[in-house]
Every structure is written in structure tokens, then in C-alpha cells.
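Each chain carries a letter (A, B, C and D) given by its place in the written order, and its residues are counted from 1.
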Amino acid sequence: MSSPAFVGIATRGSAEFMSPTSQVAEAMRGFSSEIGALSAFRLESCIHCGICADSCHFYIATEDPQYTPIWKVEPFKQAYKRESSAFAPLFRLFGLKREVTAAQLAEWQHLLFDSCNMCGRCSLICPMGIDVAALIEQARHAMFDAGLAPKELYDKAAHQRQTGQPEESAEPYRDQLLAIGREFNVEMPMDRPEADVMLCVPRTDIEHYPSAVAALARVMQHLGVSCTFRSDGLVAENYGYFAGGKSWQRDISLRLIEQAIACKAKTLLVPECGHAYTALRWEAADLYGKPLPFQVRHVTEFLADALRAGDLKLRAAATGPTTFHDPCQLVRKGGVQDAPRAIMKALGVELHELENHGGFAFCCGGGGGVLDIERAAPLRYRTMEIKLREIDDTGARTFLTTCSDCRRTFDDAQAHFGWDKAPESLLELVAASLVNAEGTN
Amino acid sequence: MTDTSDAPLVGETLRRHGISRRGFIKFCTATASAMALPPWMGVAMAEQLRNAPRPSVVYLSFQECTGCLESFTRSFAPTIEQLIFNVISLDYDETLMAAAGDAAESALAKAMHDNFGKYVLVVDGSIPTGADGGYCTIGGRSATDILREAAKGAAAIVCVGTCSSYGGIAFADPNPTTAWPVSAIVEDKPIINVPGCPPIAEVITGTLLQFVTTGKVPDLDEQRRPKVFFGNTIHDRCYRRPFYDQGKFAKSFDDEGARNGWCLLELGCKGPTTYNACATVKWNGGTSFPIESGHGCIGCSEPGFWDKGSLYSTLSSAVWGKAGEAGPRQVLEVGAAAVAVGVVLGVASAGVSRLRQHRSEHDGIQPSGDDQP
Amino acid sequence: MSRLSDIPIRVLPSVAAPAAGDGLGGGLGGGVHAILAELVTLLEGLVDLEHGGMIDLHSLPMDPRDRTALQHALGKGEVHATLDAQGLSQFQETSVPGIWWIEHRDPSGELVAELLEVAAVPAILACARDEIATGPGVLRSRIAGLDTRAGQGGHDRHQ
Amino acid sequence: MDLLGFARGPAFWGALAVFFLGVVWRIVSFALLRIRRDRNRPRNGMAKSIGEGLLVIGTRSWPHREFIGRTGAGEALGYSYHLGLFTIVLLFTPHIAFLGSLLGFTWPGLPSSIVTIVSVLTATLFLAVLFRRVTNPVMRLLSNFDDYFSWAITMLVILTGLAATAHVGARYETLLGLHILSFDALLVWFPFGKLMHAFYIFPSRAINGILLSRKGATS
């Protein structure tokens, strides 16, 4: 039996290394091994009402029934019924459920990766209370095991697992980070042996939004928090999570966990990155195998705590009419519901909520690794129109969010549609609105 | 009793007994009313009967309780006297005839001989076939033999009562005498069943009268019952039906609902599945019928009613075993057994699934953190 | 209930007299309307085709209140006739011309049929033609009988 | 034994046994699969999570404001025929008598005429539901044998019940026998198809509600 790494090689161009049949067997075995009581219950509960379609921006934008969320796990439902359910022997004996074929599974790559942001909106609409997003995440694991993860995600995950960086960079991120510190005139705490808070950054910020990286360091400095970056655990993103490689996701998370333990951090601070929050806050301990010896906080939670404690004073930010995009992984799935709005309130932001906001916000369209999948771009642009229209409808001039992947997605839309708005980072706005000890900027 | 080989016409007999035309029309009108026929049919029947010959009737009783005959003799329209003296010639009936012993048996032989092929054979009681027919013998001959012989020359057989129609109480589990209904013994003669325990008197006389009037077997349902009397359920014609439709039900025999005359369905009334004329013809000369007296229908004119569970269990309720009424105890028994088997199968199924999962982990897939939400 | 005396007895208001305003809907069967409607049809048939008809009340599911309501609706007319043959029969004209309420009783006084007949006169009351045809003969023989008696002084005797 | 006797006797008890056995078999088969402990530090404690999770049983009975526009009508259709079915099953006096004979207690019912009206309405809604399943592209794609068979068998029970009440097509005892027999068939089918959602719906909502509440996530 091949190891996942071997499967990965097959994906990277030489599919003949693994026959389609064994690919499927692999995927289904992977899926079966992950089926526990909870997932089985979810698969059992579906009554084919199709209501989840009406929560999904991919379906709403296209009215194409194949984008119905639960349909995206159809082969796995089929496999469960056939392999693990109570009547599996009957299903097999009478051929009531066909064996999942390689062609079928390959077809579903589009549905499980290109057209799903794992945003979890469907989990809120299901009248049976099925957490559809959780099922899709498990289906992705199986697809990865079958060697059917999209090339972009697979490659980045493999690279990140091996090197700690999803891609080659001209200079190591450590050096880039220090350069940003010099450029923005802020001290980058790097590789301190001990710190209360361990920081990390989205590599999106390093490459596209260095000001956001500087803002993080500036705010931490302002608060006088004992904190540090660790050059062996810098990147917040987790491509293992996107690609569905569970063991890879664990290996990637372990870098951060080990560094946080090494510097005796009490808190691992997740920067403005949604899926990093899900991966570290809600999945890492399971992969690690025991509870983490530190707490995991999102930067907005950390700042909201500081606001409440009176440690952080902000002056009003003159942003004019402003709207806010709720990153799904943080707000809907992660439970960071109040912190961003508490901060905006402290900033005196004139907030005009989107039609669908808070836990019910639509995804930016780039989540779940979709932004990285090149061939998914046309579909992604179609689905984004819903979101862009909602933003336009608020009449806001400023548009905030607190996830660099979301931000990247909107920037990409700006370029594609010639849209007149650009997302701004809430963290950067905080950094720009700090009130120093003397009460001035 | 009259010699009938060249039987006098009914009309002639009537005149001889001083019954006027109006009296006979009235009698036929009452009979038509009892048979739920359109009223003008009474007049037509009167005209037809006046010109019909009086047929010979032979009445045989086997394994029975004489309840049917008791009912028969209490017919009000027509009365048994009117029937016997004016319309038919009752040539043999052990209980009613004056003759006894050999005289009675020879009357039977003579009637069967003289009217061969023309007489009506009325039977009440089931026919026991166990012990070589020894459970019921008359003059040393078994019921089966007597029936077979009498049936040979009969124009038709009228089975009076549930026993001759369906086997009745003797036929009920465990049927110790191996009793059978007439239809199981005689297969080559038209059989008209008039079931009931007992049947309504007017239904017995009405059926005979109708056969005599028309000379034909009336329209029968699948239980070979005359549709004219057995075409509707008790429930369909019940005066308490409006309460059923309103959802007003007596819950016990002495509650408010019972006193208000509400529907007795929940007290076990079998009216909805029982076909009989009780609700229209009624009993004792149209005085009332069981439901009117506050007791549900027990379904006595339906096959096998003795074996259909308690008379007091609701019609739609489940039945347990051959006859017993079901209850929570059976649900618990069946449920517990089924649940136990289900648990065993479920545990086995889950065990197999977990084994398969365990194996696949050893096959190289990394253990995965199952099921985080 | 262990003893008969434990069962409470309650006297219900008489059903014979419907309460004021009970109208035709007083009974349970709800058939009174239907009966009256059928009578209208039969009466129209009697006017147009000279062919009336009968309704058998015995076979209709009616409770006492229905019956009373029907009696109230039809009322009592002028003519009342009695037939004495195989028991007494009563013919009561209703207040609606052409409708007769007929009760047939057997010799023991039991009600054996109850009908509404729509006709000028209930058919059973009229003498049949063949019976009338025997009339002259009967009378002639009686006349002969009278003559004989006058001659012989014998006692009166009916056939 | 006549049809009615068979339907409410051996057939019913056989069906009831299959029902119990199948339901337990099916539930135990997945309930005994692994349940991995969640080692991530919860946002909300157990008590709060359970409290909020149980609330989801109620809140998920109607779509969130954000979804009503797209799903309100469809869900209303779904719930209304369910309400109709509950009314018929639980409030029709002969049904109460049936259940009462099995459970040992009864409760008041509705007038038969009202139940008949509800039944006709429910049957109509049921047709609408099928029409929707066949015409709505999403539902048509998701539907399989289970959906159509479960629909058909439930519809059969409704129709035979209506026929028995109205005495249409055959004698009452035959229709009643067919009605009970079709119900027996439904009992047998129950554990094998989607009808199981009757057992799943509330625990499923609650469990996922609890897990979401544990994270403080939107539910």
C-alpha cells in the first residue's frame, strides 16, 4: 500500500503510478477510516430535501444543481452506505449501491475543491441539522488519499510540509520579515528564547500586504506584550488543510506548536487569516493528540481583550461609511463573533452591515484554497458577484475585513471586474489609530 | 301440513283462510319494508305471490342451539303463522312438527320424494364430521349423511344462522367436533346463507319469501348472503353514525358518552365490518337492536367472528395470536426481542466496520482525527 | 361499578317535543330535509304525470327527534281512515294535500310498516276492479237471500 | 384468516418486529463507531453548549431570516404535510384506539370529518411534494429510489386510509385490511430508508448544535 507521499507524486503528473482502481480503493478506505459515529450520523440523516443548495453561493450564482452542498459528498454517502452502514452487506449483496468509480471520483474533484470554500453556510440551513461542511472536509481527506487533490494545493502543501513555506521565495520569510520591520520602522521580535505570545504571519501578508505585518508588530509593541516570531514557525497558513492531507496538516501545524512550546508561549496568536484559525484553534489539538499547552487566539480576540482590560486605547478612525466582511472561518465556523465589532465600535466606525453578515455572511469566494486553484477562477468570479453587489448596496466607502485570504480575493476581484473598492485590514486600521501614552499618535 | 305435489296457489290458500286482498297487500308491503325493498315492490309481490304455488320447505337442524329457530318463530313481518299457513308448506321440522319418531322421519322421506328437485332445504347448525359423524346423529344416521341425502332433491339450500353458514361456534378454535358449514359438505346446490347468531327473524322469513316469490336465488355477496339484507354494514345505517362523524365516543359502558348515546366504536363495536340488517330491520318487530340498547355490534354475521379477538376490543386494534386481544405486554415482548436482535446485529455491524477501519490504518493511512465539527 | 345501584341515573329531557327554534335540524340524522325534498319531487310528479309514489320511513335511519320534526313539518289534514285487515292500519292525511302518513300494524298491534304515500287517495284504500266486478253477483245473491228469508222467515246470515 | 385479520394480526406483529429490529440495528451500527474526543479547548463549557445545542432543535425548525426568501415556501410545504400526517396519525379516533390498544392509554381525538378534510389536504400536499421533487432540479438530482419509494408507501397508507373512510372501491373490511397492510409495509420499510429521519432529526440538530456551540460558532 502506498504512502500518501507516493500518492502525491502520482498527482504531480504521472497518474500511471497508481491505477484508477486502487486510487478509488485508497480514497474509500481513507474515508471509511475516518467515518466515526458523528459523520455516519450526518450521512445517515440526509433526507434529500435540497435545501442546502439555497445557502451555497456556488448554487445561487449558477443555479446548477451539481453545486448543492450535500451532492458534493455524494460518492462518499454512496461509499458509506455500501461499506460501513448497518445494511452495508445487503447493499453489497444486492448491488443496491454501486461501487464508487475512479471516473466518478475524478469528476467530484471539481465539486469538492473548485466549487467549495468550506465556508460552512450550508451547515446553518440544513433542517436535519447536518454539518455539511464537516462532511466535505472529510471528503477532501479521502480525495487527497486518492491522489485527487488539485495540483496547486497539493504542491503547496507538500512544499510547506517539507520547508515550512508553501512556495520558494527569493529570500527566506525570516529575512523578509526583518526587512519589513526596517521598512516600516518597527521592531520585529524574532527568535526570542522566551515570550508570552508567539506570533506568526500569513505568507500572503509577507508577499502582498507588508503593512499588515508591520501593523501586527506595531500593535504588539504598543501593548508592550512579550512576544516573538520564530523563524522555524512563521507561516500561519496550512495548505495541508486545503489539500485535505490530514497528516500533512498535522505536520505543518506541528511546526508552530513546537515553536510555541519551545518559547514557552502562553498564547499562540493567529494573525488575520481565517483558515489558520480553524486549523490551529479547532483542529490542531486533535492532530497533536493531546490538548495544546497554550491558548490559541485570533488577533482580533486579543485586541478586544486588551480593549476591555483598558490596555488598548484607540482614537476614532475617520473611515466614513464602512462595511465589514466576516471571514467565514473566523466568524461563522470559528466563533469569533464579537471581537471584530467590538474593535470597530472602539474605533468609532460608522458600520453599515452587509445584507448577510455575521454568522450568515457569504464567503469571499476564495476560501478553502479555491483562490489558489487557477482553473476555478471563472466560476469564482461568478459567485463573487453576489458578495460584491452586497458590498455596493451598503453604500459604504470603506470596506474592512480581517483575513488576508479574503483580502487577496477581493483585490483579485478589483482587478478582474475593475471594481471601485479595495478591502482594508482591520488590524492596520487599529495600528493607525493607536493612542500613545501621551494621548497623541 | 299440505300435500304439495300439485300444490294449490297461494292466493287460493289465502282466500280459504279469509285473508283479503288488502290484508295481503299490507302483509307484502310490511315484508318489503322489512326487506328494505322499495314500497311499490310490496304490491307487485302481492300480485305475483297470489298466483304462485306454495312450495315445500324442509327444515333440518344439526349441531345447533335452536336459537335460530327461536328467532325464526318470532318473525313479525311476516309472522311464522302467516308464512307457514299461507305461503309455504313446512313439511318437516323436528321442533315444530307434531309428529315424532318414525312418523316424523317418514314425513321427511315423503316430502323429499314428492317434491324432489323442488323443495327448499333450510339448515341450521354446523355439521360435525369428527368421530365419523358420531357427534350428531338423528335416527341413527349422521348429520353428514342426512344433509347429503336431503340436498340431492333440494332446489336450493338456505343456511339459517352462523353455524350452518360459516361453522359458527362449533367451528371456532379448537373445533373439537371437526365441524363444517353446509357449503363445505354440499357443493352442487345453490346455497343462500342467512348468518347471524341468531339471524334476524324477518331476514329469515324475508329470504324465504323472496325465494318463493321469484323462484330464483337472490343477488348474493361473496359470503353468499342476500345483498338485499346484507348489502350494508351496521355502521353505514347506524343511527349513532353522526356521533362517529363528530368524533364523539363512549369510553366505557356507564360514562357520560354512553348515556348520551355516542358511538360505541371504542367499546369494541364491530359495526363497520359487519354486514347485516340490524340497524334497519331491527329486532323484536322493529323495537331496537343491540346498539340501540347500548351495546356494540359483536359482528355475529361475519365469518369466524368467534376467533377475532375480544368482543370489546376496538375494531382497528391489533390482534395477538389466533384470537387474543393485543396489549402493551405484547408490544414489550415483541419489542424487547426485536431490540435485542437489533442490538446484536448493530454491534456486529459496527464491529466489522471498525475492524475494516483499523485494518486500513495499518495499511498505511495515517490515523486521522475523526469527527471534529 | 360493583352494584347496580352505584350507577347514577339521570333523567334526560323528553325528545318527543323539540325545543323551540330547533327547526328541522333538531335530529341527528339530518334526513328530514332530504325526505321533504323527495316529497316535493313526488308531488310534482303527481301533478304532472298523475303518478305519485311512496317513501318507506321504516328503512330510513331516523331518531325520535327527526320523526317529530317531520311530523311537525307535515302537520295533520282533514281525512283519517282506518283499515281493518290483518291488524289495524291508519291513514292520516297531512296538511300538505296529496301526502298521506300511513301506519300498518299487525294483529298484535305491532307497527310493521310506516309509509308516506303521495297520491290523491292511498292506493290500498281503493277497491280493485276485479273485486268490484264480483260486487253485482254478491249483491244479487243477497237479494236472492232476502227473498228466500222473506219467504222462509229464516235467520240472517252473512257469507 | 381474512385480509383484515392477517393485516392486524401476523402481518402487523411481523412488521413491528422488523421495525424495532431494523431501527435498533441501524442506529447501533453507527452509534458504536468511534467517537474521537475533541481535544481543542472549547469556547463554551459543557452546560452552555448543551443548552444552546438543545435550542437548535427548535430554532432549526424554521429557516434563519437570511434563508427564508429562498427556502421559506419549500420548508413550509414540507412542514405542513408533516403536520397533516401527525394530525391524522395521532388525532383520528380509530388510530387512537389502535395506538391505545398497544400502549394502554388513549387521548382525545378530532371529529372524523375534520380528519378527513386534513387527509385530503395532506394527500394534495403530498402530490405537490412529489411534483416539486420531480421538477426542482436540485431535488431531482439528489433523489433516489429511497425517496420515491418512501413517498409512494406513505401515499399508499394515506390513500387506503381515505378509501376506507369513504368506503370507495371495495368493502370496508377489505379497505381497512389494505390500509393496515400498507401501514405494515411502511413499518417494514421504515428502518431501511429515509423514514428513519423521524428518529434522527432532533438528536441530529441537538448534537450538531452542541458541537457548534462548543466553538461559539453560528448555529
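The criterion applied here is as follows: a residue touches a chain if its C-beta (ideal position, glycine included) is under 8 Å from a C-beta of that chain, and two chains touch if they have at least 3 such contacts.
Keep in mind the model is a prediction, meaning the values are calculated, not measured.
Relative to the whole-protein C-alpha centroid, the nearest chain centroid is that of D. Among the remaining chains, the Cα-based centre furthest from that of subunit A is the centre of C. Between subunit C and subunit D, the centres computed from C-alpha atoms are 59 Å apart.
In terms of their C-alpha centroids, the spacing between subunit A and subunit C amounts to 94 Å. Subunit A and subunit D, compared by their mean Cα positions, are separated by 37 Å.
Once the centre of each chain is set as its mean CA position, subunit B and subunit D turn out to be 41 Å apart.
Residues of subunit B in contact with at least two other chains: 345-346, 349, 353, 357, 369-373. Multi-chain contact residues of subunit D (touching two or more other chains) are listed as 25-36, 38, 40, 208, 211-212, 215. Residue numbers of subunit A whose C-beta contacts span two or more other chains: 35-38, 84-86, 131, 282-283, 286.
Taken together, the chains touch in the following pairs: A-B, A-D, B-C, B-D.
Across the complex, subunit D is touched by residues 35-38, 40-42, 44-45, 47-51, 53-55, 59-60, 63, 65-66, 68, 70-71, 84-87, 120, 123-131, 281-286, 288-292, 295-296, 331-337, 356, 358-360 of subunit A. On the subunit D side of its complex with subunit B, the touching residues are 1-2, 4-5, 8-9, 12-13, 16-36, 38, 40, 93-95, 97-98, 100-104, 106, 109-115, 167, 171-173, 176, 180, 208, 211-212, 214-215.
Listing the residues of subunit B that touch subunit A in their complex gives 345-346, 349, 353, 356-357, 360-361, 363-373. Within the complex, the subunit C residues that touch subunit B are 1, 7, 10, 12, 28-30, 53-56, 58-59, 61-63, 83, 85-87, 89, 104, 106, 110-115, 117, 123-124, 128, 131.
Partner subunit D is touched in their complex by these residues of subunit B: 233, 235-236, 244-247, 249, 251, 265-266, 272-273, 275, 302-304, 308, 313-321, 325-328, 330-331, 334-335, 337-339, 341-343, 345-347, 349-351, 353-354, 357, 369-373.
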